[in-house]
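One structure is given here, and the rest of the page talks about it.
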Amino acid sequence: MTLAILGPELAWYLALAGCLFAIGSLGVLLRRSPLIILLSLEIMLNGANLALIAFARAHGQGRGQIFAIAVMAVAASEVAVGLGLIVAMNRRKLPLDVDRLRFLRG
Amino acid sequence: MGNFIVWVVWFSAAFACIGSAVAVVTFSNPFYSALALIGNLASLAVLYLLISAEFVAAAQVLVYAGAVMVMFLFVIAYLGGEEETPWAGGPTWQTIGAVGAAAALLVEVIVAVGLKAGGRLSDEASVGGSFGSPAQIGRLFLTDHLLAFEITSIVLLVAAVGGVVLGHHEKGPHDWGSAAPKETP
Amino acid sequence: MISGAWICLVAPLAGAILITLAGNRLSRTGAGIVATGSVAVAFGGALVSFFTMLGKPGHDRSELSTAWTWLGAGNFHAGLSILVDPLSVFMMLVVSGVGALIVGYSLGYMHSESEERRFFAYMALFVFSMLLLVESGNLLLLLAGWGMVGLCSYLLIGFNQERPAAIAAAKKAFVMNAIGDGTIALALFLLIQHTRTLDYAATFARIGALDNRWVVNLIALGLLGGAVAKSAQLPLQTWLPDAMEGPTPVSALIHAATMVTAGVYLIVRCHPLFEAAPKVQDLAAGLGAVTLLLAGLIALVQTDIKRVIAYSTMSQIGYMFLGAGIGAYSNAMFHLMTHAFFKALLFLAAGIAIHALANEQDMRNMGGLGRLMPFTRWMFLIGSLALVGLIPFSGFFSKDSILAAALDRGWYGAVLFAAGIVGAFLTGLYTFRMYWLVFGGQLSPFAREHAHPGHGEGPRTMLWPAAVLGLGAAVAGWIQFAPFWHPVSDFLSVVAEPLVEPTGWQEFTASALAMGLGLAGIGVAWIFYGARRAAVPRVAGLQRLLEHKFYFDEAYDLAFYRPAAAFARFLLGEVEAPLVHGTTAEIGETATFAARRLHRAQTGLLRTYVLAMAGSLAILAVVFVVVR
Amino acid sequence: MSWVTFLLIFLPLAGALFVWLLPLPRNATGGFALLVGLGEIALWIFALVKFDFGAGGLQFDQHRTWFSDLNVSYHVGFYGFSLWLAGLTVVVLTAAIAYALWAGRERPRGYFGLMLFLTGSIVGVFTAQDLLLFYVFWEAMLIPLYVLVGVWGGTNRVRATVTFVIYTMAGSLLMLASIVVLGLSQGTFDLVQAGTNSSPWIFLGFVAAFAVKAPLFPLHGWLPDAYRESSPEVAAVLSGVVSKAAAYGFLRIAIAKFPEPVHDFRVPLLVLAATGLVYGSLCAFRAPDVRGVIAYSSLAQMGLITIGLFAGNSFGYDGAVLQMVNHGLISATLFLLAGMIEARTATGDFALLGGMARGRPALATLLMTTGVIALAVPLSTNFAGEFLILTGAFLQAWGWAVVGAVSIVLAAMYMLRLISGVLHREVGGAVGPEDRDLRPAELAVVVPLVACLLALSAWPAAISDRAFARHSAKPTSRIVVTLSNGRSDGGLGPYDAGAQP
Amino acid sequence: MIHRPHVDWFLLAPSNSLLAASAICLLGAVLFPAGARRTATAVVCAAGFVTAFVFAVLLFIKSPHPHQDIGLAVIRDRWGALSAMIIAGAGFLTVLLSARERMKNDHIGEYFALLAAAGGGMAFLGMSFNLITLFLGLEWFSICLYVLCAIGERERSLESGLKYLIIGSFGSAVLLFGLALVYGATGEINFEAIARATTAQGLRGDALLVAGLAMILTGLAFKASAAPFHQWTPDVYEGAPTPVTAFMSAATKTVALVLTLRVLTTAFPQEARLWTYTIAAIACASLAIGNIAALVQNNVKRILAYSSISHAGFMLIAVAANNALGARALMYYLVPYSAMSIGSFAVLAARERELGRAVTIDNLGGLFGWERPFLGASLALFMFGFVGFPPTGGFVGKFYVFAAARDRGWTWLIIVGVAATAISLYYYLGIIRALFMRPSGATRLAPAGGSPPREWLIQGSVLLCVGVTVGSFVFVQPLIDVARHAAAALPL
């Protein structure tokens, strides 16, 4: 059974991926809570994943999907480390506000 | 007709996706943001299904929405809901710059896609029925992308160790030497 | 012949080195003896050369000897070589002979000084330098000797190191002479450019072949500049009176007998060059004439005994320049010799007086010394008469023949002659003004206070040289009496054939006029200073003009020194500090400013960092898509 | 014979390592360094005796590939003029070490090690026959200088070192750029093999480095501070030897490899040099202290040497080489003497000095002798050098020589001011009766230098006639050919053939 | 039937030995007695790096011809092997530095495990040959480094860790999107295949491809801490434990640059026009910003951070040259650079432990340079090396980089480099000034109560660094031969 593509073409998917990526980066750029920044990063990665999967479909290859799955794992890893950091910071009574993390500056 | 349904599904998923993404970014409470992200992930999974990526969609729901987000929610709960006024703080140029940069990126991607669409993007390949099935993915993972599979596991392992190291509750003061001085910020 | 010349050259240098190296191991007197001895050896060497030379025929009397190549570049080579010919032997004799006497005199004169060793080392070095100058076998070495005598002059004028006036005078002398060195050097560059050598013979041979008058004139002018500076002629004369800050033997040896006359030697030595540039030669004669007048005038109002003698030296060298300028080379040289005798004598006699009066040099504090020191008085008188040029003293024979030669040069010669005889009048006037001020009249209170009649006039080492010189001043002129016998001219003509040959009538006219005016000068001096029949007339403006030496010092100060100093200050203050150093500082500040701006961009705010990345990425991506 | 070159470079470097690594006792360190210095002198004399001046050309050369893909090699050797400059280096450096030994320096191991390192690198500069190797030694020279000035200098030493190093590095980095471009365009970095080049930019890169190091007006901003703030022996090395490396660079690289740019830039360079000559002389004339006078006179003298180098004829070249050695010895001696004076009076200010001649005959004699040689009194070797240079300049165009002659008068003015400011006049405020004459150790440092000067005065042709190959009987060296390839505008034609085969 | 792809275990040996060491360390963190834990895990970790180094050397020797393996995901060539050697060497030195770092004992095992794992990831990344392995390798060592940065659990460490994590993840996301676009444009993930596809399908200048390229460049430049993607560097370097900083400055930079050149030349040769100019611009920006910003810093670690930014600029000149000479120059440069970098951080670590506080220009002064002549002189040597003075490899490195730029015909890049070096003098020499030229007694030697005993491990590592720094100057030929062989693996 072969499947032709139904519905929106690749360009639509890519535009959506771009939107996600942009929204995610807006979150990183504008939010101060590290938690929300981590969430925004997830959105960015998902945008990339969407693009990968769309391309995989477009090229009819599995590689893109493999890539996307690997990315998921990576995203999970990043989240794990990030959350660990946030917990550690909370324990040290550090503010959970990236704007107040300014001990390190020139 | 099938096509039309696909379009409808696509659009609802896409709107849900963007809406939830915007919600993630704008909610002041991280807890709600996390919940919105779950929605986002779910709607993405729907989109994945539309382009025959069943396994990925499943993984998305299971791994992401299931495991990762649960972790998030646990931490948020542990920290207590610290609310943050979404757009406050930071200089104005930061906001303007951020919006500008994000918009430029978006426009750029869309332009790139648009330029490309005139050329090759439209002639998508037809794929076999097993495309995107767990079996195919598994086969790929064990043949061509064996290494990717292994490394993914290493990354996860490393992250786990890291998470443990960082999240691990410290038992006492530094036990290396006695003269460890106090930091003066 | 040549070995004598080498001995003559090296002996004083050896003496100087010996004294320097021996340091304290040599007693002060010992140093003096070494110096005197070495100069005496030099004189011996000169005599040997002289007599060997006399035994040779005229055309064979020139010999060049090169020790080694002193300087070389490419194909140009200048050897460390000496030239022995009648002219150089003549000068060697004068320099080492008079030198030996004066250095011997210093033994007594400098006895009380604490740094005699240095003095004698300098003296010996000077004699060496002077001998190098006169013996040099090429123009480069001549310039070397030229500079070295300037250096020694500097060292000796400034011998009295604690006296600021002495140091200032020494520096002035050196710098003035350096100007002369510079013009000579420029002349040498031209010579190298156009004749490709600095050896006398080759240079002179090739200079004739040069078509370019300008070049020849410039070369002669450059040499003349050096001569003028060294011989204290207008316009570079101002250093000589100041140089009297040096000890009296120095004045006698350097600033009367030898070094200052080097300019004359240079003109005679390089006469082919000057003859190729007759305009410059005329200029030399003219400068000599003007100088002899101006110096004579200034000498009228000076109160320092040594300065009067110094001005008279300038004046007499003016005569020599006049002579050399009109081509009467041997006459000029002859006058150089006799002048060496009588001027050294005058200085030595003055030195005895100064020595006796605790180094007082102001004539107004002297007076009546004649009774106190009869020997000195007689010596001084002999010197004065020779200076004025009264027969039969030496000055008569030499000076008058120069004037006679001037008569042989047409209208220009006549002008020069007129200047010369006016100068003769002035000479008589200022010389005997000095004589009577110092030796005539009653013993001055100052002299009475300081002089000690019981002790004699001075140590024998001082008196004997004066006596020898006195003899020379009296009789040395006899060896040549122009119309009748002229061995000096014959001897020297091998080197420098005179351009003028005055007739007997001219000789007579010149002698008569010069001697008459000289006597008139003496007479006037007698009226004002000897017999004091009349008060000295005062013309305030003129007096001030003369006392300020025609404002040459002031003019130079205003025209050169002050601008140079001001310019240097300006450079240090307005260029060096703000521009050269300021630029560095400014670059540093700009960098630091930029650094602070960048530092401010490093906010520590994570979001700005991400924004920078995102912004850059956006720009990069847009550019890529646009350019691709 | 190439081992002589090798030893001349590496003996002091090895000595430096030895001093740094082995804990020698305090006094032994300096003694050891001095011994190495004397060994260097002996080696150099040996090289001098063995050198065939008649043949000229590169001798005692040694060649090892350093890295082959860009044709960079360790290639060292001596030309006539480099041999003389190397001699200057070992003599002055040894005197400096001896002076430091006498004066006693803090942390002697560091100090003497650096001095030895400096010796080796300067000799390296004068022998390197590979562009990159030249640059390596050139930069290696800067490290010890930086530390020597910065650690053992005066109160304002830090500012002095910063200006000094940044100035010089700015220049030498441009040279590095030029070296890269030149070497790659030639396909080799070997100076002997490389041909000439006509790019004005590459030329200017080299000129920048040399002009800063020399220094040429107006790039001398680092000079007064560096010369004033460093310890006397380091100032002696700086002005005596290090500046000569720049002049050497002009000669060996800028002139030998860039005939056309040299021709095109001759006038601007001569203008800069002449300006520096007069400017330095004037500044020296007004400088308020001993070292200021010497420092600015150094600027003037380097201007003069540069005039000679760019006069473009054998007078200029020979005279410049002679003058490099002269000025090296003179300014080193003067700085050491200034140090000895400062050691007694703790100041170099003319307002506080004076009258030191009385009762101090050795000091007076030495300072006087050096001073008068410095002001180029005729018959001194300095005179010989200046005469040749100015002749060369005159042959190029008469105006340069007139400027030079003016500067001779100015030199007399400032040098006499220095001499009388220290030795003469009334006894200065800082001079006490307890300040004694030079001690035997000090004499042992300075007298040999003065003796060298006097010996050279007797026979300047020893250098001026032996800087380049003299006779064409044997195949002439490349440097000579190269040098003469540069159009000589002296207008003398065959007369200027001194530098030609 | 699943065809197991051929697996060249030898190729993976460097990474695997480090992974093994990491695993042992992890086990040791649990199993070893607390007292011996530090020493034992350090020894294991060091052994892992040594083994990795040996394997990398063997790999280098035995891989004269590039060969792709394991599903064309990695490549066995000398380029990767040499980078693995540098990384392993840097890691080994870092272990020496870390051995007695003030750190909680209960995480020391994990620390060494993560260090080894990070090294393994870098070694792997040097050999990665498709987009997936590229991304995964990058994340592999990045995640290790995030944790290592934060592991000190001091406030600063945590802050630096969080900053690094967030910015790093942002960079990864950008890189990933770029990779996705490239994949989408060509349908290939293997580097060579991408280039082939570009040619075959006429994709030169394709919008998706170049947009992806821009994003990839951003991601890689971020890892190399090149301006304007550099701002995290000073903060993270300052906050991270000094040994980790040392490791990052040497190894991360190595792998990022090596990878950049590999990706750009193998996957995007057709876009060379775009990326050479971009890299050149980035290099210039890094040189300018890195050097100028360092002028007013007081914290020595920050100065070194800016210095590392500027050196990234220098090495990017070599990348921008896009020729064989540039590749050689890059590989050569990395060796002395890594040694100097780790060496200077080692000295800082020593001083830090004496003081018990961050090292600034002010408290570097006093008698440190003289009291600890070896450390002082070594630090001075490293600074001279950073400037590019002989006799250090830094000089030859700069020379090669300039030569590469010249070979490309870009003399203006040389001028920029030269100007940057001139500026950099000020702060490098400022450190030397602080070391040796301050009046004594300005600062007390060790405010933290007595000077601790000399640490032979640190001294040893500094000595090794000095050896490499000077040795790479003297023995250029063998090193450059090695670099040439390595560069031969790239299609230049």
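In this document, chain identifiers A, B, C, D and E correspond to the written order of the chains, with residue numbering beginning at 1 in each.
By definition in this document, a contact is a pair of C-beta atoms (placed from the backbone, for glycine too) under 8 Å apart; a residue touches a chain by one contact, two chains touch by 3 or more.
This structure is a prediction, so every number in the text was calculated from the model and none was measured.
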{"item": "Neighbouring chains common to subunit C and subunit D, by label", "value": "E"}
{"item": "Minimal step count in the chain contact network, subunit B to subunit E", "value": "1"}
{"item": "Most central chain, Cα average position", "value": "D"}
{"item": "Reference subunit E; chain at largest CA-centroid distance", "value": "C"}
{"item": "Identity of the chain that, by mean CA position, is farthest from subunit A", "value": "C"}
{"item": "Pair joined by more contacting C-beta pairs (C-E or A-B)", "value": "A-B"}
{"item": "Euclidean distance of C-alpha centroids - subunit A vs subunit C, Å", "value": "97"}
{"item": "Geometric centre distance via CA averages, subunit E-subunit D, whole Å", "value": "43"}
{"item": "Geometric centre distance via CA averages, subunit C-subunit B, whole Å", "value": "101"}
{"item": "Whole-Å gap between the CA centroids of subunit A and subunit D", "value": "66"}
{"item": "Junction residues of subunit A, two or more chains touched", "value": "10, 14, 17, 21, 24-25, 28-30, 32, 38, 49, 54, 58-59, 63, 66-67, 70, 74, 77-78, 81, 84-86, 88, 98-99, 101, 103-106"}
{"item": "Shared-contact residues (touching 2 or more other chains) in subunit D", "value": "166"}
{"item": "Subunit C, residues touching no fewer than two other chains", "value": "599, 602, 604-608, 610-611, 614-615, 617, 621, 625"}
{"item": "Interchain contacts, given as pairs of chains that touch", "value": "A-B, A-C, A-E, B-C, B-E, C-D, C-E, D-E"}
{"item": "Parts of subunit B lying in touch with subunit A, wherever the complex brings them together", "value": "2-3, 6-7, 9-10, 14, 17-18, 21-22, 24-25, 27, 30, 33-34, 37, 40-41, 44, 47-48, 50-53, 55-56, 59-60, 63-64, 67-68, 71-72, 75-76, 78-79, 82, 84, 86-90, 94-95, 97-99, 101-103, 105-106, 109-110, 113-114, 116-117, 121-122, 124-129, 131-132, 136-137, 140-141, 144-145, 148-149, 151-153, 155-156, 158-160, 162-167, 169-170, 185"}
{"item": "Touching residues on subunit C, where the partner in the complex is subunit D", "value": "20, 23, 68-77, 80, 114-115, 117-118, 129, 132, 140, 143-148, 150-151, 154-155, 158, 161-162, 164, 167, 170-171, 174-175, 178-179, 181-183, 185-186, 188-190, 192-193, 196, 564-565, 567-569, 571-572, 575-576, 579-581, 583-584"}
{"item": "Touching residues (chain side subunit C, partner subunit A) in the complex", "value": "599, 602-607, 610-611, 614"}
{"item": "Interface residues, subunit E side, partner subunit C - complex", "value": "162-163, 166-167, 170-171, 174, 205-207, 210-211, 213-215, 217-218, 222, 228-229, 231-232, 234-235, 274, 278, 289, 292-297, 423, 426"}
{"item": "In the complex with subunit A, residue positions of subunit E that touch it", "value": "131-132, 135-136, 139, 143, 146-147, 150, 153, 155-156, 158-163, 165-166, 169-170, 172-174, 176-177, 179-181, 183-184, 187, 189, 234-236, 238-239, 293, 296-297, 302"}
